[in-house]
Structure formats: structure tokens, C-alpha cells
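See structure below.
Order of writing sets the chain letters: A, B and C. Residues in each chain are counted from 1.
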């Protein structure tokens, strides 16, 4: 269970206990680091910036840095708000496995849905995690990673078919899909399924680049759309990174409202779409979740990075959306502190937002308990078909 | 008067009493349901989604659903937070007229400005409402409805003149106009008045479609602009739906900032523009209300749908805008619960926002009372030329 | 020191004392009025609207008007919340110099960085201010003003060189630059440095207009980009107006996210960019400040105009951005009330935001003190190379 939050707010006691003890489903997360990292590397892993940290500055001087010192330090035997140097010293005494065990266990998560498609060689394997932790691990398959995996040995005329076959193989035991079209292009893509001719033409151009030695990275919008539509065909829930991320993306083009035409195109297919993170567009995501039955979303990632200020982000995720359409994720990758913080900060934000409405008499405490359970757990169970135990 | 809100916040007593008792002017609203509805139909009327509710899910699990159970249940003799089933059972014992009487009276509204242009055949008539309630009812005329009413019997060369005449007739006793160009096109329309030739050409194309059996629905931007400019010519306050609504609209194209070029074009005419609702663009609307003397706005609709979370929306509407430029509306259509909730949630949000500033010493209580009166009542009286009794 | 804020919130005492006493660096501000103004003129100076105030309405009925009556009235010997008429009467008894002395001293600012490029003939000179106040005054040079100063006597082929020379002269003792490309064009400009041929062509067209009698006002995007790139070449911190301002600007095109391509273009130069004000795009600015090492920002101007509601704006500025990248400014121009209010409201917002996190146990009080000092003072010292005394 996570470190108990300190608060002077008179959150209703039963609700607070319930939220603190609720086993969460982290429906979009990556594994924790497999190897020790330097402090410099660690600091680049607690920002979405991929630029070097300027001299004389520490990335600990940020909301997420303060949250690590507040909530993770006590698990290393330090007082809350221990200095960054003290934190680093204590952290350096543990192996990556020990840190992973410590923080992931404290997150109080029963089910981790792992996106395995991003730099997985730097992370502990799902099998290792499953051996070390009393939790379930399921897989989310990243469309672009599968496509990039088969492209070098495929051909222009058969890339689409090869991808469909490879995706079927890759998802044999997966519970969902993920696309990063937000990063690779933006959400202002043509909504229709591309024709076979368009795909073959785009595939030909891409494969010629690969033969000429280009790194294997798909960014052609026709190929990205082909992958997305093939994903829709599987019927698996389809996660889309939305909003805030590293400066690779053009944040304006990651506003989920841009997806409206495509969401209408796929509405009849039965496939559900999950908008991940969405900051600062969480209100727009709430709108889409209200008006489209097949749209879900979370505010992971943004919650971690806004730290003490994340209550506002959580509260904004509870405006328009039906409570059946909101999910919990940490989007942690690498430092297991992130796996814990997602949980601690979400629990804190929910306690404060829902607790406030109970205190004001706007919500009953029983309803608040029920909504916390839906968002933290049962919505994900239903959406991904997870076991209810 | 509305159900007294329960609150643990130390809102100043005099301000709280004043806001609770203030007779409001609901400057944009529709009538209440004329006939009983099934529970399924009711649930589609408490969301902006026009899609079927998925199996196993109830639309009561949302902020607006919780607000109904909290604030409307007591008027049906139930405890606050009664279950959705209990609520539905108690509601089903009343006729539509009884429900309308109950909830509209409890809203504490002295003047209802009814937009009669949307599915009015499903609603109680203004005359029926006026007979049953001790309140004034005025009419807001929807431009597109008038245009669609005359198009089938008009001609391309005389559509503009016929519309001008029909609008003069329709507004003989109206206090304002409404446009839904946000739904039918978006706010990124050409700002200039279209020429007579452009209108005749567009009218010809549209009327040929109608003759060929197309449903009567105007969506050509030239014709929408012609209607808007003819509306401006009347000098009546012109309401524009802005922001959030059903998925018919492209929310990105309903950002009121897109209206800046057109607002500058009409600035010399003396006609005032009222941006309705605006969620999640209420800060943008506040900017326009500050910099343009002829721009007003409200945050109706969004307040109902964000329920317990609506305090933030109300507070954001009080940032940049002069207090003379903000109005109250519910935008209720159909279930009379919506007519009540608009009032209850607005009073709660204003009590909390203004009360907070008084408690902190930032505002005097007398100023807060005065601002509540302006926004809830006197701004609308001045803008629409309503009686001051 | 500013008037002590009244508050019922249990802000930690040490933090509150520290923030109240902290000597600020106002890193973007203009001078105070040199001559008496009429009440009508004064009211146009407490709004970003450049339109006449409608009859029967006072601009005092706004957040900024209420903030003036609350925080400035006591310095004129009136009670807090004195009426606008009483305030005006008391204010009218002072000379512009007396008012400037009174309000600027009370702001508790040790260093004022003056943008001297906008209507400076209506304002007290930096020398006059420096004589009257125990504070340091430094200069920020406005690129467009320098360009407009040399254009009438330059030529198409040498405009770029003449500008470079003039800018070198103008910045001999300046600490930073400012651009208003947001006003003159928008942020959706071509990111690359324009070629010499492009500049000569655009310069020729502009100079022909000037010869034909056009007012000297640069708005050609090629020339604006030339000025911006020449500014980048100086290595001085480059301030860009972003977001909210008068209706001259198209607010949608002032979203700092539109700058991403240009920010990437200049990233290697070593020049830092400071996004000024940013309302309502402060969350977008925070994203840019996190992912780009060379991006800083503030929420001045918006804080003044949102008055009692500005706590939310301040809090939103503390979400994603590293605390090393946020600055304080008032953006005051003219009425010295604005110089004071920026300080009072920033201190209040910081006390409430940071104080709240300390009360909740999320931040230590020592960290909160440190972050307030960074944002109010030391970040600007480091960025602009100011003396540390």
C-alpha cells in the first residue's frame, strides 16, 4: 500500500480508507529499470525533456522531484522531503530489482498492463516482474513497434498483410493495443482507411529508405493509418497517446479533439479507444468520453509530472465524462518511483476531489467509494476483460 | 426557491442569503417536456451524447446524474442521494406538468427567455408555462429555424428578402435572436456579409436539394452568414451557441476566439453578441467580453453537466470579463430537472467563488452581493430591455 | 512592502513572512505615468480593451478594479474596498510623481527591468524613477521599436545591416530584448531565418509604403523574423509577448505552442527565450519550459487582470515547469497601481499555492521558501546577469 498521505482536509474517513486500500489496475505502464543508472541519467528520466540538464540546475527542483522526495524517501528510510543528495545516496545502495520490488509493491496495484514496445531492453522483463511481485501482468502491444519489426523483411505489396499476420501473432495473449501516431504524425490525419494502393505506394517509399540505410522508424501517415485501422480490426481496446509528452511531438496536434472525424469513422466497429494522459486537454477528452460510447481516457503521466498540483488535473478529469469512462494509469517507464507516484498522487487527488464533494453534501460517501472503485479498478476490468478476483 | 445547498465552507451569511433568494433571469432556456418519457429516453436527455446508452451503464453515473439525485430527489419527497431507481419510481408518479411546476418554481427564476426553435413540439408551450407559473416568459428566435421555415416556399432570388420579412414577423414580440452556426458550420466562417449574388447562388443550390427531397436543414456557410447578418441588422441581442454541445459539432471550431474577425466586422452596428455556454473555452470568452464592448457570455450548460465540479467553471468565468458582461442561463431543454439544476449549481458556484473572495478579504460583501445581482439578473434586464419589476 | 494580505487560510507563518518581505525582480515592466489623467483615460488603462467604455458602465466593476479598491485604497488613506468615486477623489489629490513613489515603493521590488519601447513619452523616464526610488532600473529593448526608428532613413539593401548596428547601439547597456511579433503577426511564422534577398524585397516594399506616407509600423512577417533572428544573434535573453493582450492581436495565434518549430531552430544558439504572460496558455508555456532548456516564462499581466481569481493562474504556472524556469513580472504600464498589484497578487497567489502544499505535507516549508525566492528573484538574476546584492 502507498505511503499514507498527510492532509489537513477533513476528507471523509471511510472514503479515505477505501481509496488508500483500493487495489488499482494500472492500465498503461512500462516496466522498471533493469540496470543501475547514474544520477544524470536518472534526472533525464524524471522529465519529458530529452535535452541535457543545464549545468547548475537539478531536475529535482520540479513538482515531480519534490514528490519523489516527499513520497519515495520514506520507503528508503529517510524522512519526507529528504534532500536530493540524501535521496540519491540512499537509492544508490539498492539494486534495480530491490528498488522495483519496493516501489511497485507500495503502489498497491493488482494488475499492471505493460506496454512493451518502447526500449524494453533497458527494463526488467514482464516475467521477472511477475516472479518478484504478487500481481498480474498483462501486455499491451504497440502497433508501430510491430510494424517496424517486420518492415525490413517484408515487401511493398505485402507489408499490410505481413503486418496483419504479425499483429495477430503479437497479440495472441495481449489485452490491448497502443498507438503513438500522436508522436509520429499528429491527430490531424485523414480519418478514412487508406486504400491498398495508397499503402503499397507508401510502403514502397519507406522500404526503399530502409534499404538505403535509414533507421527503422515509421512516420508516413498512410502507413500509420494502415496500422491504426488494422488495430481497429482486432477488436482489442486501442490506446492512443494524447497530449503532453517529449518535444518530439507537436503538442497542438495532439489535442484529442482532432480525432473526432476518425472516432466517427470507427464508431460502428465495436472497438473501444482509450485516450492516454491528455494533459492539458483533459477537458476535451472528457467531452469525447461523454459523447462517444467507445471513448475512454485517463490523466496518467500528467498527474505524476504536476505532483502536488495534480489535484486540479484529477478534478478536471471528473467534469463531463461519465464515471464509467475514466481509467487509472501511471504511464511510468524506468524509475520505479514513477510507478509508485502515479498511485500515491491519484489516490490523493481522488480523496481530495471526491472527499470535497462529500463534505459539501454534493455526493454521498457511498457514491464516492463506488466511483473511486470504478475509475481505479472495475472500468479497466470490464474494458480489457480482466479477471475479477 | 431552490433547495438550500449544504456546505461546510464559511460563506458570508448575508451574501449566501442574497444569492439563495435572488430571482434569476434565465436568459437562454427551452421549455420543459410535454409528455412522459421512458427512463431510456430520459437518460439520453441528461447527456449531450446522441448515441444509445451502452448496455449495463446508466447515465446517472455522471456529475449531472449525481446532481439530480442530490438536488431534485428532495423535491420528490426522497432523501438527498436517493438511488437512480428510487428517483425514477418517484418521478414516474408525476405528470409532465406537475414535474415542470415543481422544478421550475423551485428554480427561483422570474424571467425565462425561451429559445423556441428546437423540437418545440415535444415541449410545453410558452403559453402553458405562463399559465402555470408566476413568472414572465419571453421569446428568443432561432435564425436557422426561421430560414428553414420559409425556404421550401421561397426562391433563390428572393430567399434573402423573404427571410428578412419572416424574421421581422417572427421577432415582433421577441427579445433576442439565436444562431447555431457553431453546429451547422463552425466559427471559422468568412466574416464579411455575403453579397446578394453569393446568396442567390447558394440559395439556388440549396433549394434544388430541397426539391429533390433533402431534409430541410441549412448548412451552407453563405446562407448561414446571410442569416447571421440579417440578424445583426435587427439590432436585437444575438446569442451564439459556443463550445460544448452534442457530437454534431466540431468542438475545436466552436472556440469563440475564432469569431474575432467577425466581431470586429459588426462592431460598429450597435448589435450585441452573447456567447452561450462556451465550455471549455470560458476563459477565451472572458477575454472577448473584456476587449469588445458588444460581447457578453454565460457558462450555462457546462455548469449543469459538470455538477459538483462546476465551481471551477463558474470561477473561470469571473477572471477577465467585466462583471457587467456575464449572464446566467441554464440552457435546459426537456427534463425540468435541468431548469432547476442550472439555478442550484449557479447559486452554489457563485456563493463559493464570491464567498471565498469575501472571506479572504479580497472583496467586500456588499460588492459580492452587487456582482451576484448583476450576473444573475440586472445585466440581462439591461441587455434585453426587460421590465425591472 | 505591499499591504499585508488578509487571509483566513492557515498559510505557514514563516513562508508567509518570507514571501511578504522578498525583494522582487520585476523582469518585464514599463514606467509609470508622467502626467495626470482623466478618470475616463484611467479606466481605459485598467483594461486591455482599446475601445471606449460604454455609457453607464465603469471599468472598476472588474477583478482589477476591485483589486485596486482593495489593495491601493489603503495607501491613499482610505479603507479597503473604498468606492471607486472615493478612490478617484483621493487619487486626484496626488501628483503623478507622488503616486508613482507611493505605489512603486510599496511593491517591494529591488530591480525593475523596463521595456522602454511603448509610448515612453507618456511615462516617467528611467532616470527620473531611479532618482526617486531606492531601486535598480535596467532596460529591455524592443526590437520592433528599434527597427521602426531606423527604417525611414535606411534603404532596402541595407535595412538589415542598419538594424543590426542600431540594435547593437540600443543594447549597449540593456539586459534583454523584447519582441511583439505576437501582436504584429502571430506565432505561426516561418521558423527559419529569412534570406538576405527575402529581407531586401520585403524592406523595399515597406520603405515604399513609408515614402508614400504610411505610419511607421512594421508588420511584414519577413521583417519581423529578420528582427527576431538579429535579436537572437545578440545572445541577450529575448522576451516574447504571448497570450492575452489588446484586441489588436489574434489570441489563437498567440498560443506559445505555435513557437515550437522556431524554438527548435534557435535551440543551438545559446539564446534564452522568455514567454511573457501567456494567459490563458500558461499550461502550454509550462510544457515548453519543461522540455526546452532555453525557455522561461511568467504569468504577469494575467495575474493583475484576474485579481482575486489569480490564485488559479499562479497555481497553473507551477505544474509542469521546472522551478528554475518561472519568473515574476507585473507588465505594468502607466498607472502605478498596476506596478503594486502585480506584486501584491503574485505574493498572495504564491502564499496560497505553496502554503497549501506545505499545509498538506506535500512540500517542506524550506522548499517553499526556496522556490518563492527562485521565482521572485534569483531566476531573473541568473538569466539577465543582474547584480546579486
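What we mean here is this: a contact is a pair of C-beta atoms (placed from the backbone, for glycine too) under 8 Å apart; a residue touches a chain by one contact, two chains touch by 3 or more.
Note that the structure is predicted; figures quoted are calculated from it, not measured.
Taken as a contact graph, the chains are fully connected, with every chain touching every other chain. A rotation of 120° superposes the C-alpha trace of chain A on that of chain B, rounded to the nearest 5. Of all residue numbers used at the contact between chain B and chain C, under half are used by both chains, marking a mostly different-residue interface. Taking the mean of the C-alpha atoms as each chain's centre, chain B and chain C sit 37 Å apart. In chain B, no residue touches two or more other chains.
Residues 10, 255, 257-258, 260, 264, 267, 283-284, 287, 290-293, 315-316, 318-324, 353, 357, 359-364, 366-367, 371, 374 of chain C are the ones touching chain A in the complex. Put simply, chain C touches chain B in their complex at residues 5-9, 47-54, 57, 59, 61-63, 66-67, 70, 80-81, 244, 246-247, 250-252, 279-280, 305-309, 312-313.
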